[in-house]
Amino acid sequence: MTTAPQPQNPAVQLLTPEGELVTHESYSLDLTHAQYKSLYREMVFVRRLDQEATALQRQGELGLWASSLGQEAAQVGSAFALEKNDFAFPTYREHGVAWMRGVDPMKIMEVYRGISNGGWDPLEHRCNSYTIVIGNQVLNGVGYAMGCTLDQSEDAVITYFGDGATAQGDVNEGFVFASTFDAPVVFFCQNNQWAISQPSEKFVKTPIYKRADGFGFPGVLVDGNDILAVIAVTKAALDRARSGAGPTLIEAFTYRMGAHTTSDDPTRYRHENDLQNWKLRDPIERLKVMLARNGIADRNFFDAIDIDADAWAHTLRAAVRSMGEPAPESIFDNVYADSHEALDAQRAAFLDYHEGFADSGVQS
Amino acid sequence: MTTAPQPQNPAVQLLTPEGELVTHESYSLDLTHAQYKSLYREMVFVRRLDQEATALQRQGELGLWASSLGQEAAQVGSAFALEKNDFAFPTYREHGVAWMRGVDPMKIMEVYRGISNGGWDPLEHRCNSYTIVIGNQVLNGVGYAMGCTLDQSEDAVITYFGDGATAQGDVNEGFVFASTFDAPVVFFCQNNQWAISQPSEKFVKTPIYKRADGFGFPGVLVDGNDILAVIAVTKAALDRARSGAGPTLIEAFTYRMGAHTTSDDPTRYRHENDLQNWKLRDPIERLKVMLARNGIADRNFFDAIDIDADAWAHTLRAAVRSMGEPAPESIFDNVYADSHEALDAQRAAFLDYHEGFADSGVQS
Amino acid sequence: MTNDLTIAKALNQALRTAMEEDSKVLLFGEDIGKLGGVFRVTDELHKDFGDHRVLDSPLAESGIVGTAIGLAMRGYRPVLEIQFDGFVFPAFDQIISQLAKVHRRTNGSVKLPITIRIPYGGGIGAVEHHSESPETFFTHIPGLRVLTPSDPQSAYSCLLSAIRSNDPVIFFEPKRRYWDKGFVDRTESPVDPWRARIVRTGSDVTVVAYGPMVKTALQAANASEYSLEVIDLQSLSPLDDRSIADSVERTGRLVIVHEAPGNLGLGAEIAARIGKSCFYTLEAPIERVTGYDIPYPPSKLEEHYLPDHDRILVAVDSAMEA
Amino acid sequence: MTNDLTIAKALNQALRTAMEEDSKVLLFGEDIGKLGGVFRVTDELHKDFGDHRVLDSPLAESGIVGTAIGLAMRGYRPVLEIQFDGFVFPAFDQIISQLAKVHRRTNGSVKLPITIRIPYGGGIGAVEHHSESPETFFTHIPGLRVLTPSDPQSAYSCLLSAIRSNDPVIFFEPKRRYWDKGFVDRTESPVDPWRARIVRTGSDVTVVAYGPMVKTALQAANASEYSLEVIDLQSLSPLDDRSIADSVERTGRLVIVHEAPGNLGLGAEIAARIGKSCFYTLEAPIERVTGYDIPYPPSKLEEHYLPDHDRILVAVDSAMEA
């Protein structure tokens, strides 16, 4: 096992791990104090959401949870850069993105509780359902972006995937289609160093962002734990997309601080040391130091947010615990959009069958 | 429609279209006169094979033919670079490769006549069956190469594909697996400018050989109509592979001078002009001029080869025309390697059924 | 308005009609533009509707289906062409994991009105992977609909219905019948694509076929000494087994015909359903006349693989003699 | 030598045995090395056999199967792990176009002794794509064999046979039974994986099941007022219908159970074959107890989708009352 790898080429950075603001030759970001503060708040809430969900899973309230711990800056920052009408295509781990798109966290909980496979309405939030089959959403996102072009709209798309996913055919086909059609899409790869038990350097022999070049569009490496750099780089890529210049691949270098999911046992494959190194690069801590150092926020502000988050988490927990369950026969709903006699008949037989048990008092 | 595109970056060249030998800073080739002459001969025969097959298809003797016209240098040259124990994974168009691997052309004819789906024994010739599903053979070739590494042998692999194929997931996954395992494989892409009706510049926004970089291995552009450069570049890549340094992507810039296949009608999508331009870059003519200019071969030599090729083609034609047909019940052969009662029963029923018709005198 | 059209032309007309009636309909696939597709089913459409309605795709089937899903999310109705039956498999993952499941996953919010046209079946003397009958793979997937026409009229009506459907439809075109001609009524829809139709009435044996085998079944019916009722399924999913059962209630005998391998071919499902629903009226075991359980053979041998009218007649005789 | 092992451990032992007896056997898949696979079926094997025998693969299933084909051409016997049932589909093209066809295409020159292990089926409360029963897709493909064990003994014997087979084998592991324990005889092979086996004798109704449903069928048999004969298929392809028919000749009644959707599920093929071969002895319509024709539901609802012993009992009653 190795020590935490560093990006080989300098990643775009506007905020150092020590919380210092630095300048970059190509990227800059001008936010109001209110915006800085709100970014901090969003990240704290996203982390709290993650903690709460992890706890709920342990208590048996969720079937599974995929933690976003450590990736808050990459997720909140990239989603912050989106316009309202842009469309996001997340994986199963982008809770920070769903949050920023206004998805009710209860809807995310539904998915991991096993009540729904989708939760929210993707069209309402302009945020696709979580996609579990690695890489699928990349092509779906590119197609949506091609539609934006056909519509001559200024909408753009961001599609997320992990370092492991870069091996999948679909992701690379996504690059080809986007390049061919100059689709307004930003490929946002969170290189969190792990694909379950596989360290990314094992399968990725060259920095991921360099993949873009050979497909005919630019790639950028960004410090994924620096929310300001993430925003700046993503905004620039979205602008480029909107202008008709085509896709950009962003590699956000970050770290999966938790297990792959609550089913995973990372002690089998990684050293505790790695994690410790990365704790020093914590994305939330970094922004907090910057806010404090520059007098943008003080202890009261931070404390108040913690209290808010606690209260909110408390409500969430209670709500999850008392979540209702859909009716059994709802399994037949929405399989088809148009009417479907055969399935209606199956539903009717299903209801009859359960009716029968109810009548006879037999437990089904 | 555009005029014939040129490779944007200078391609490796050792022999100009005008038949002049030139030097290259990184690549050189030292062949005997006998070898030069034999290369010429091979190319002439491969072209004759192609012509003959095209004619046979028109006469209804073959079901289909995919012409290799214009790609002789890329195919013969790259295959010439192989050691006996290396393994080639062709597409459906690499007649020059099959030829160089010692495959009996009658076996190729079997495939396009519809008598067999494979023809020859891949293990005997160390040349895989033609692969029709675009991209599949790239992964198969990479796997074979991984096996060479596991065996600690010095064998290497070459796997062929077209410019169109670079869009397929399998091809890109092949890059990933080869890079991960430092597989001794050469990716040999014949950019013949067309994928059926699609000009390659439409889907390939950046030269193909540049794709390699982002997967962590080198890419080289070679003048695919210059057999000497093709040999030099391929040999270097194979040596590199053998040494354990991993894969190389070679883009051989060439031109599909014929139709996609005999079923295709290129007048629907390309100008006659393009073709004329490329005729000036004919790979065989080029070597011929070199041989003549340098006094390596004279008219007698060229004429003798033409006569040989004519005679050979004549035999081939006759042989194809009198090719036998496999027994109907052979359709059940080799579906499984181990015994399979259920299929044996189907074969028996099939034979009974036809027996029945034979008895009753009914034509089946 | 009626016309004497080939199946290929009827399909072309259906595409044109669909594109005229809904500007969101667009065509996407390999070589469908200038070339008009390898079977010319999209002939002239690129010229008439332009680059924004008829898009040549890169050579990647997962990419075609995967991006079409995104296009549909954006409000388009993509009609895709897969060049040959054997080339749909790279897209299988997008079809089963996304295309078939998105509407259910999103509780009905996202509709994917995508039609995937696939020329299928053998009999044209082609090389490997160009003669497959992969309908089982799609018929078994909940969330998809599967249609296949057998003549120009059903081609026209079925394709229009497929495109108008709000569900994803896998549309299998019987490629060896592309050049068969017939009348097409385009003013109304005389054919309900979702129902099996009796294309010849008879009283002794019900013969169920679909796609390219309908013509073969009709040939058998013409040649048989018995009175055969021939049913053209049209829709493979949902399967209109009630129409089959109605017929079998009358004839008492059933022969099912398809090109795909028998093992878990569509005939299995039909036999299972009718075996149950007509248990008390069936007078003979249900016969299946299908491809063998082998990879599609090289073309010189394909006639030995493909069901022909002789094999149907033998099955009919078995059913009558049982 | 017998042992009380879980199915997961029996599989692990079979892998170890196969690797010990043939140095060409190697394991390839996602997270199968240090992690030992997400279900720990390859636990300890990386440690004991090293990097050259147990290879972690990049995250790409087409790549896994596609490169395994090349490895097999080079003389290896790859045993692949697909992490979950729902993730085999990216590899579908390599499986159907190459894996299943190469031996036939090369006239027997190239053998592909590849085993693809796939944990399958529901009942473990998982998220989407982790509970699929995709056996139809593979059983319909000529050139493949398909095995699925139901208990530790059949797990051990079937997996060893799969690896020793010279044909490609799709090996479905009933994931929700991974932790069931039982005796395993490893000195000889007391089970012939290619034959269906009667796991409980009975005289009233034959119940056919496989994989995870065998246990459910046995539960039903214990609870039923009738005498049920329970058959465990083990091999889905080839299908040992003769053993089923023998049983049905005695019982006159058949109930088939599987998790996959009913429409073109394996039950269709079994019903079609037995409906024909036992036409004159069947005393009741053949019943199928299967998943519904819907995408696998979210886990909180999966109990309503999965066949349970009550549903089997109801089907048995129908068969008895017919």
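Read from first to last, the chains carry the letters A, B, C and D; within each, the first residue is number 1.
Going forward, contacts are C-beta pairs under 8 Å (C-beta built on N, C-alpha and C of every residue); 3 or more make two chains touch, one makes a residue touch a chain.
In this text the structure is predicted, and so the values were computed from the model without any measurement.
Chain centres here are means of the Cα atoms, and by that rule the chain farthest away from subunit A is B. Centroids built from CA atoms put subunit D at 40 Å from subunit B. Centroids of subunit A and subunit B (each the mean of its C-alpha atoms) stand 45 Å apart.
Each chain gets one centre point, the mean of its Cα atoms, and the points for subunit B and subunit C are 35 Å apart. Looking at subunit B, one finds that residues 116-117, 133, 167-170, 173, 176, 180, 202-203, 335, 342-343 touch two or more other chains. Touching two or more other chains at once are residues 58, 60, 62-63, 86, 89-90, 93, 97, 101, 104-105, 128-129, 142-143, 239, 292-295 of subunit D. Chain contacts in this assembly form a complete graph, since each chain touches every other chain. Across the complex, subunit B meets subunit C through its residues 63-64, 92, 111-117, 132-135, 164-165, 167-170, 195-198, 202-203, 263-265, 268-269, 325-326, 328, 330-332, 335, 342-343, 346, 350, 353, 356-357, 362, 364.
Contacts from subunit D toward subunit B in the complex involve residues 26, 52, 55, 57-58, 60, 62-63, 65-76, 90, 93-94, 97-98, 101-111, 113, 142-143, 145, 165-167, 238-239. Of all residues in subunit C, those touching subunit B in their complex are 30-31, 33-36, 38, 56, 58-60, 62-63, 86-87, 89-90, 125-129, 292-295, 297-302, 304-305, 308, 310-311, 314. Within the complex formed with subunit C, the subunit A residues making contact are 87, 116-118, 121-124, 128-129, 131, 133, 136, 138-148, 150-151, 157, 169-170, 173-174, 176-177, 180, 333-338, 340-343. The touching residues of subunit A, counted against subunit B in their complex, run 166-170, 172-173, 176-177, 179-180, 202-206, 210-217, 219.
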